[in-house]
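Shared between the two complexes below is subunit A, which has subunit B as its partner in the first and subunit C in the second.
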Partner chain A sequence: MMNEVNLLTVTAAVFAIMMSGSGQSRTNLLLYAMQTFFIALACLAQAEAKGSPELYTVVIGIIVIKVLTVPYFLSWLANKIEARSDPGAFLPIPLTMHVSILLFALSHFLALGLPLFKGIGSVASDATGAISLLLTGMLFMLTRRFALGQIIGFLTLENGIFLFAVTQTKGMPFIIEMGILLDVLVAVMIGGLFVFRIQKSFEHIDVTQLNGLKE
Partner chain B sequence: MNDLVLILSIPIAATLLAIFCPKIAVLSRTVSLALWFYFAILVYLFAPLFASKQAIYLFAGLSADRIAAAFILLTVIISASAITQAGIFFEHELLSENPAENLHVRQFYILAMLFLLSMITVFFCQNLGFLWMSIEATTLLSAGLVYFHRSQNSLEATWKYFIICSVGIALALLGVVLIYASSQYACSEGTLAIPELIRLAGLLNIPLFKLGFIFAFLGFATKSGVFPLHSWLPDAYSEAPAPASAMFSGALLNCALYAIMRLCDICRASGHFAAAFSILLWAGSITVIAAAIFLVHQHGIKRLWAYSSIENAGLMLVAIATGSWSLFLLQAANHSLAKTSLFLLSGNIIQATGTKQLKDIRGVLTFCPVWGVLLALSAFAVTGVPPFGVFISEWLILNELMVMGQFLPVAILLAGLALAFIAVSVHLGQILFGVPKKNFRIFRPTLSSLVPGLLLLGSLVLGFTVTPSLLAVFTP
Partner chain C sequence: MILTSANLVFIVTLTIMPFLLIGVIKKIKACFQNRVGPPVFQSLYNLVKLFNKDEILSKDCSWIFRSGPLISFSGMLLLCLSVPWLPLQPPVPGCDIFLFVYVLALIRFFSIISSIDAGSPFSSFAASREATLSFLAEPAFVLALVALGISAHSSDLALIFGQPIENNRIPLSVWFFSGLALFLSGIVELSRMPIDDPSTHLELTMVHEAMVIENSGPNLALVEWSYALKLLLFFGLIAQCFVYSLSKIIALPPLLLPLSVLVVMLALGCLTAMIESFSVKLSWGKNPDFIAYAVSMSLLSSLAAFAMNGGS
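Moving on to the complex of A and B:
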């Protein structure tokens, strides 16, 4: 059964899959912003369904912080350090996209296996998008060379967890939702700062080549 | 509310001081004095807890019971010791051939104070959401401490620490969300408050809760360096300046394990502790033996102590598995005191020889007998030689497991502890004796031995005074 929220979460997951198929930093960031925008919409749909005014504030928070500020900051950073195209690690990038499609299918079966909470009118496949985002984020982190790619992968993973909370619960306590958003913002700022330092210090941001400490 | 102001005031005042105080020397002295004063205030504040009171309430979702209070005091002692020693450490650092910049020392103090505040918050959290946020805050605030030397190696260690712990903590967030989802079966709104979860434990949705527990455990275990999630830990401990390594090993490790302990509180109330028990017991035992094997081939002095911290994290997991929180506290306190002393002394030695490589550090006993003797005693204290405190807590943990009939884990733990002792002793022998390859520049040998000496004394006192009746104070 498809409903509104389900459609939105699956759209977000599709954007994440497309993101895993591109090596261009700016394309990645644009697709990340689109993905997060659809998560905000899913959150909005839930806010309407539950009639919770606090969730509306969370939606505004997501749009301001995760859809606008974070991608803008990271694309500014990518420009500044001229990190345009990620060569990819372990897997060729087009193949990564195919693996993430398989992970999407896997997510569907994982979601069917979850105990389902009846009280909030969700259907089993609601968790599909969330789990798929989580796995795609992990895959993205594993298959990127750039430190920047690791941050984008981490953000996608975090999006998956957030979406899981939105679709599978009645909404986390407001102060905690906002706290998580703030944490993400600070983490991205600090991560961005370190990426900048890595570029200055090593003259590249290829994390697979950071192995001075290997024993 | 007054208590809250009291608890926040000193770390915030110290942070402001670190930002605005013009002279580094004045700054380092004032901040270390302030921290010891802070310790005195906290002892005054928590004293009623140990006499009769059950808990101190600060704010919605923030309160401290006896065990939390004990951990907070431990964290403050360790941080105050590390910061006191940092005064001498940076004085030497600023006089060395490639002096650190004043600005970097100042940043160190600012971050260290905020880091301390975030660690204290961890112990006050009575809500899984707040707990998660404060643990994430400890990662974000301490990453800058690892980067103190501004070298390529320190940058690499910082990046590894930042990214691995962030992913780990993200998994812990998934765990928290799953536990929240499981609580919706118990009450209509769902809750993250730990006391509520404990009260409603019987009604939680058990499959969801178990899944949540596993993810949260994985996340917090990453932060405490449990094998095989430990890869960031030796790098970060080794690259951070010695006072920061001491705070990481002596205080931060306890924070993450404390979070696991709080999860076990809920688990125990739900009547499904058996599953958690085997996860903790086996993760702990395997960590101990793995860390002991890694200890054999080490090339850096601080990496050696880092692997020993991993070993102790494994022991603390086993202590949590036995279900006795007081045993966990005892092991944590013993390990923190001795390990902080080790890291601070190693900092002195690294500055004197100008290298972290074990093969270049020789003859410490000849060149600076005070450091040599203290280093040897601290290393013995950490590896559990009587009469130091670690011996008592390790013995109690093993005893508890024997009573439970868990013979295989006991055998694994004993093998790990023995191997660790031999490995550390061999490395220690090479550090203490022989002739150094580089010249040895001793800086304030007496003053710089003061804090490690006192910490060692503390470990000795714990070894002589701990009795089962004393431990019973912490059993709720």
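Moving on to the complex of A and C:
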């Protein structure tokens, strides 16, 4: 039973792990786009298995907004404010990758302990991928120095939640799925605007130094 | 050692393939630079030329300097005859994972002390770099092989690799991630491009090439030959990892297996040449970041091995 692994979700989680190992903003965004693309493919497989036409629209929405628009916008932003390479905070970046592999193992055991939805395909490995994406996104947010890294970490976390929702339920209402997608787009735009303003006011986007702001 | 047809294939490929691989890599790199490039078997001609040359020794050298290349060549030859780098049973049976790793470490130890023995500051500097790199890359290499061993329930390399497809029970993800980990750590061990530039002796890039800078004549020939054998050994194991993971998706006829491994080895040579043409050498401080990816791949592979082992 354990040999049944959904390669798409696990590949998305592996791309997230590889993303957390690089400090280059553009590499991070490229790997984020790959990871989201595999999530879109997993969603497509779900759409075929469940036979729901709404999920196909969601797949198209993911590819247009999260695979193409958001990484393109963020890499434009990274170029604009010259935040090309993140030095990392609290934990060296290669070690972050190894810790996120440990979190992947942890999420495997967590997923085995969950009362899982008895649905299509290999639900346990889908849950593993989703929880691992969530934890990797959180770790990514914690260990990055630049505010741009916080946005990418947040997006990875959101990918994890979305994947969990798609694979572990019988399907959410269409309007909610599309609403979340729109929320993500708006959040990225506002986050990008904030990063831009922070850069303009302080001439850096180092979040560890923002602690000194409180009076 | 009995001369069966499998052994014959093994030995014939052993004599031709290392030089072919090096030649293919050089030829493709030359194509990318708009040069004609040396003939494919140029490294073989170089070998013959070097064996006919005189040897110049520094007056401060001891027997260690002379014996280093001999030990590395004989060790590599032993490994090439006992490690199944083609999916056939090797001529000398019974090579363990740990024997493989420790013979490689022994060879590295002797090449390091023989380059220090020559007394040149260049080669001792390169020797210290080589020691650092191998210290960083070895965990990835060992862990990838051990992950395969866990899935195969054996540490005998001939039971892991070199098996017919039917009784191969290592899962796809373990093969694939181990292949990636072996390829990335192979780049480090073979001192290829993002880590070390094999085509220059410049101060910035000197690891392997500067280590052997004092060797000349037959001694240099042995060093180059053992490097070619090491390339063959690594590429063979990596190619098998990828061919086996492919065979989990597409059914390959068993007779085609050795042939497809040879093709994948040449493809890996092309890939290496392309990486060397398009990438820049990493600065020395960035090397651990690169090696971290190799370690991650082998960690993922051992994780997959543990997770899949529980269920099957």
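Just so we're on the same page, the second predicted complex is superposed on the first by the 202 of 215 C-alpha atoms of A that agree within 3 Å, B and C clash if a C-alpha of one lies under 4 Å from a C-alpha of the other, contacts with A are read in each partner's own complex, and residues count from 1 in each chain.
Keep this in mind: a residue touches a chain if its C-beta (ideal position, glycine included) is under 8 Å from a C-beta of that chain, and two chains touch if they have at least 3 such contacts.
Not measured: the values here are computed from a predicted model.
With the two structures aligned on subunit A, subunit B fits next to subunit C without clashing. In the superposition on chain A, contact of A:I198 is made with subunit B only, not with subunit C. Of the two partner chains placed by superposition, A:P53 touches none, neither subunit B nor subunit C. Within the superposed three-chain model, A:I17 lies in touch with subunit C and out of touch with subunit B [touch as defined at top]. Looking at the shared chain after the overlay, A:T169 reaches subunit B, while subunit C stays out of its contact range.
In the superposition on chain A, A:A105 makes contact with subunit C only, while subunit B stays out of contact range. Once the two structures are superposed, subunit B and subunit C can be ranked by residues of subunit A touched, with B on top. After overlaying the two complexes on the shared chain, residue contacts for A:M97 are found with subunit C alone; subunit B is out of touch. Taking the two complexes aligned on chain A, the least Cα distance separating subunit B from subunit C is 25 Å. Contacts of subunit A with subunit B, set against its contacts with subunit C after fitting on chain A, share not one residue.
In the complex of the two chains, the subunit C residues touching subunit A come out as 171, 173, 288-289, 292-293, 295-296, 299-300, 303, 307-308, 310-312. By the touch criterion stated above, subunit A contacts subunit C in their complex at residues 1-3, 5, 10, 14, 17-18, 21-23, 93-95, 97-98, 101, 104-105, 108. The touching residues of subunit B, when paired with subunit A in their complex, are 127, 129-130, 133, 136-137, 140, 143-144, 147, 152-153, 155-160, 162-163, 166-167, 170, 173-174, 177, 180-181, 184-185, 188-190, 192, 205, 207-208, 235, 238-239, 297, 299. Partner subunit B is touched in their complex by these residues of subunit A: 114-115, 117, 119, 134, 138, 141, 147, 150, 154, 157-158, 161, 164-165, 168-170, 172-173, 175-176, 179-180, 183, 186-187, 190-191, 194, 197-198, 201-202, 207, 210-213, 215.
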